[in-house]
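Each of the next two complexes has subunit A plus one other chain: subunit B in the first, subunit C in the second.
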Partner chain A sequence: MTELTSRAPTPSDAAPARNIGFYATWAAFILVVVLLPLIFRSGGSHTTFSLIGIAAIFALSYNILLGQTGLLSFGHAVYYGLGGFLAVHGMNAIAAHGLPVPLPFVPLIGGFAGLVFAVVIGWVSTQRAGTVFAMISLGIGELVASSSLILRSFFGGEAGITTNRTDLPALFGWNFGPQIQVYYLIGFWLIISAIAMYALTRTPLGRMCNAVRDNPERVQFIGYDPHVVRYLSFCFAGFFAGIAGALAAINFEIANAAYLGAVQSGIVLFATFIGGVSYFFGPILGAVVVTMLQLELSDVTTVWQLYFGIIFIGIVMYAPGGIASLLMMHRPLIRAGTLPMILPAYLVAIVPTILFACGVILTIEILAAYSQGNAASSTIRLFRIPFEAANPMTWLAAAVLTIGGFLVARMTWRGVTAAWDRAMMAARERGYHA
Partner chain B sequence: MTNAIEMRAVEKSFGNVRIIQDLNLTVAKGERHAIIGPNGAGKSTTFNLISGHITPTSGEIDLNGERISGLRPFEINRRGLSRSFQVTNVFAKMTVWENIRCAVLWATGHRYAFWKNVDSLPEVRRRTAEILEDIHLTHRRDVPAGLLTYAEQRELEIGITIAGGASVIMLDEPTAGMSNTETDRAVALIRRLTEGRTLVIVEHDMSVVFGLADRISVLVYGNIIASGTPEEIRGNPKVKEAYLGEEEH
Partner chain C sequence: MLELIVISTLNGVLFGMLLFLLSSGLTVIFSMMGVLNFAHASFYMLGAFFGYQLTRWIGFWPALILAPLLVGAVGMVVERYGLRQTHKHGHVAELLLTFGLAFAIEQVVQMIWGKLPMDYRVPALLDFPAFTIFSTNYPAYKMFMLLVSVTIFIALLVVLKRTRIGLIVQAALTHPSMVAHLGHNVGRVFMLVFGVGTALAAVAGVIAGPALVTQSDMAALLGPILFVVIVVGGLGSLPGAFFASLLIGLVQTFAVSMNGSLASLFGPLDPGIGPSLLTDVWNVTIAQIAPILPYVLLVLVLIVRPMGLMGTRET
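Moving on to the complex of A and B:
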């Protein structure tokens, strides 16, 4: 009870005083960005981290629309791609004319490109929210993607346009040839962009974005034009998408039609949704997961897009708040110290769940091997254990793992639900609510 | 002196059904004006017309002597008119505090600002805290609006409506669905919060109407059949026949 009363704020302390946890979280985030490449020193991991950084900025910019303003866009890659193309043209111009602009400023070119196109396109497309907005974004995405193949002088056709980032003036002796230097350039912009986008959510405009998301009708009766709120939100999203696109152009030293296509627009939706739209950091988690999946899965299986789809459907159905919500659900339990009450149930559930997942993977791989007509010769490696795709014993294993795993997993997850309720109840008794 | 609201010969048709016909209504500044009438008479539609939610098919509406018919709802709101909704219409996923704060932002001049931290605007914070005190929801400030009890949501609805400091407040059945004690509390609240402002209220509870209103207009089939002080309305035979009579059966 004392907890309850001490937590009830009085109007005088109404300013949500930023607590230590808030600053600690940001400090930890910056520390991770800075230290990660020093811990994992291989060139491959530096490439991976660079891609994650780009994807994180892109997904955060997407969440300005989806999570903050409630706008579902199927064409956000337009602003990413145009940012990338303008950055490449900018870099080539800087190199050709010997302009004194070092590489770290190039993302601003991409940002302003994204902003300008959002300013032009957004006014019409944000007139309405919901289905209308989604359809317009899809249409504009197709329009820009197809014109990128027509306007060859600007977009370079199928091949795209290349550039060389080391042709730009060096900064403090960095010429950005080595991947680690590019990584730190991306990391720098990730930190700046993340702070800026977070700050945006704490402004009057950012708060009204949430209001427009929740109830655009009522917003009109407290003095705001929801169209203007959506439009401004759209412009900011375009700006940060452009920065991400420019960073991609710097990283790959090329911009091509794939940058602004539907696949790219789909991936950012994936990443943002899987990470979780209702927490600011959700899209960052999503960017990590989706980038890793893209890189790793394509190495180990030919049908990696199928797994992508399954994961996405699984999240939509069972955890619509994404990874971030799954994690944040536990916050009251951690605060109340009742988390240990559910850990045993988790440990029990995890075993059959993994077995079930293995069964599903085996089944998919067997079917893939048969549909590709090479079942007789193909071996599926699961945790380094070889399975012959054509061997009936493998089919049996797949069936047993899938069906048995599912039945047992379902039982154990009921146990998790029960343990969850007990832990939550105990947390409430100690005065901590969700 | 100009009137707060003046409606002249306003008509509204949905398709070929005329819901509002030749509606004339005058609300003086500072007056508490109740609109009563049977279900489906067009009271909420009248609110929608005045607040810009829908535009009249014909006729004129003035706010403080200025033409507002044809303006968008937010333009009318910025000119000093604020309305509540018969069906609770709040920001369900946002906290009580945020609901009120959003309603304060435009009026305190912060508009679409994206360069100010909303938490460090003292005027906004002070006004939000004041309104929360007024509507007795301070202890619920961090609760998402969708999780409030029905009566609390109705109070929040009133809070959002008055938060911007509009000079003309329109409340559409603010006490509908409340228990007697809740109604008494809400009426006291409305009386206090609209002190010195113009109030237009739609209300079915006759004790509330006759206790609160300076003037009453009776709306039947989209037309005002009588408008006057509570005594005049009570004694009006047309009203007795069309409306009050029904109630007494």
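Moving on to the complex of A and C:
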């Protein structure tokens, strides 16, 4: 296996027959975006879908850097946050001066804000790639985040700046007060941005970005300047991050210093990487998973961020291509019809793996209960089964599940590897390659 | 004025030497393995918390020895079972692993010790003023911190420059495959260097814990400054890391003790203007912008000299 990011989304120069599948995929994507809120009608789910939409645009913009150009940024939230702030100021100005600009155009303000700041900051920071770029992006992220607390009149200090989206002129009778209207606004921009960003990967510039990621020296020999290619890619990423930030500002009707901070930059990195950087749709998957985890896990457990970190470490160590790669690995097997050969191995392996996971969860929860000082009274509910945190039997169960589960799981995963090789071999014999 | 200069210089050198305890380990690990250890500041935090806990159990002096050893062991485990496993996926994956680790360590520390600052006190033996200078009592503990940092700095220098192990480490910095061809177990050298580097960070944590605040956000506060230090100094350059540590230590300490602003220099603005970006910039004091000065320095250095003050290596 070569460098992680160099496993390119290979230019699948599609045969005409596959074009149908291509357009069908996009049509299905649009259909899902349109129909989801009609199927799940509660207000809570509309809020969730809105958050997922924003996170998806943000993660896709981040993948222009990480997946397509190989630039690892620790400060991408700068452009998201500045887009959000400019959008809030823009909305307040529109409302104050009665300008005829309806809300759906506000994300463009955020987008251009992100673009302008990326144009200014990008030239210095993209001079070098790799670790130096990562460190500069981190430094600039900290610089902007700290400055936001000093320049109070623009950033509003700790409290942030508020706005009211219904003060803007209505469009076709929509004033964007109800959450569902905001969701469709976000969905509209999600579809537009996703198509635009996909199209960007198909342009010569998108191809040069991949080339700069894989071998900058060779790009230089052909006569391109890798710095300029990285810079352009950085500017596009800043633009779409700004759109996402503006949508977040519209959704929450506030912009504050948390938008620009290291936490936000970290979350987009988590989402993109967990989803998978080597496929275009990976970051969308990641945005769904990470947003759901943030919303759901925080209800269930107090130490949800620890689970978040563990999941991320697990993905980095054992599946560096993310969820998307795990799914796409199976494509040749499905085509060749050899998938049934590995399903039994999966079924065998999944049992001890789940038991191992339960053991780890129990251990963490027991520790959490003790360190919060309420071990005696606290009951851990795992799949509706209550465990007393102070009961030694629970400790025993946790230890047995963790250690035993780990040992058995390791054995069964060897079986999966062997079954995988057999299935792959059979697929190759039938003429399907990975 | 003179008092301010002397005290700030002392504090600045002290902070700079603390930074160097961290940045030296980070630099050696980076030049050897090509991995920027994002979790380095987290090991510093672990050192402080282990130091605090062990101090409560067995006293400060055993903790000063034991905590770094424990953290060093954790570091070696991370290298052996984490980084080496991830190495085949490339440097980006390794950097991301340490990033995830930094996140996870912070959460674990928060889970066990909570979010509030710990009551980590200066040991009674060193709890007296060392000397009085211009009516300011300078605490003996700070002199002790300075002493420990300088001792470790000299020891590191001697080990690297004068011993056989240092020779191998130095050779492995620039020519890892040649060193391996000569029959040295480069994997073990890496593990050892990683362990020593994290242990040094833990020493910094144990001695800085009582003087600064021992809290679960201390890694997140110090980490970015640490990366500024090694980028400004030049990635992979040990002398560069040394000078950048002192520079940033002094700059930050002096900035914090200065109260000047544009308003105090040129007089206040016309109050009729009202609050705007200009008034924000006009009224901000140097002490207030002290936290962002390292990052300003980073951007300036990168514009003027992209490889850092003493960097030579292209990464």
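In the analysis below, the second predicted complex is superposed on the first by the 416 of 434 C-alpha atoms of A that agree within 3 Å, B and C clash if a C-alpha of one lies under 4 Å from a C-alpha of the other, contacts with A are read in each partner's own complex, and residues count from 1 in each chain.
By definition in this document, a residue touches a chain if its C-beta (ideal position, glycine included) is under 8 Å from a C-beta of that chain, and two chains touch if they have at least 3 such contacts.
Note that the coordinates shown come from a computational prediction; the quantities given were computed from them, not determined experimentally.
Judged by the touch definition given at the top, the superposed model places A:Gly223 against subunit B, while subunit C stays out of reach. In the superposition on chain A, contact is made by A:Leu151 with subunit C only, not with subunit B. By the document's definition of touching, of the two partners only subunit B reaches A:Asp214; subunit C does not.
With both structures placed on the common chain, the touch criterion links A:Leu367 to subunit C but leaves subunit B unconnected.
Applying the stated contact rule after C-alpha superposition, one finds that A:Gly177 touches neither subunit B nor subunit C.
Residue contacts after overlaying the shared chain place A:Leu138 against subunit C, while subunit B stays out of touching range.
Using the contact criterion defined above for the overlaid structures, shared-chain residue A:Leu205 touches subunit B, although it does not reach subunit C. In the superposition on chain A, A:Leu232 makes contact with subunit B only, while subunit C stays out of contact range. Taking subunit A as the reference chain, the count of touched residues is higher for C when subunit B and subunit C are set side by side. With the contact threshold set out at the top, not one residue of subunit A is in contact with subunit B in one structure and with subunit C in the other.
By the touch criterion stated above, subunit C contacts subunit A in their complex at residues 30, 36, 82, 85-86, 88-93, 95-97, 99-101, 103-104, 107-108, 111-114, 220, 224, 227-228, 230-231, 235, 275-277, 279-281, 284, 288-289, 291-292, 294-296, 298-299, 302-303, 306, 315. Listing the residues of subunit A that touch subunit C in their complex gives 1-6, 70, 72, 74, 124-125, 127-128, 130-132, 134-136, 138-140, 142-143, 146-147, 150-154, 262, 266, 269, 273, 303, 305-306, 308-310, 312-313, 316-317, 320, 364, 367-368, 371-372.
Listing the residues of subunit B that touch subunit A in their complex gives 51-52, 72-74, 77-78, 82-83, 85, 89-94, 97-98, 101-103, 105-107, 110-121, 125, 128-130, 132-133, 138-139, 141-142, 160-161, 163-164. Those residues of subunit A whose C-beta lies close enough to touch subunit B in the complex are 8-12, 14-16, 199-200, 202-208, 210-211, 214-215, 217-225, 228-229, 232, 236.
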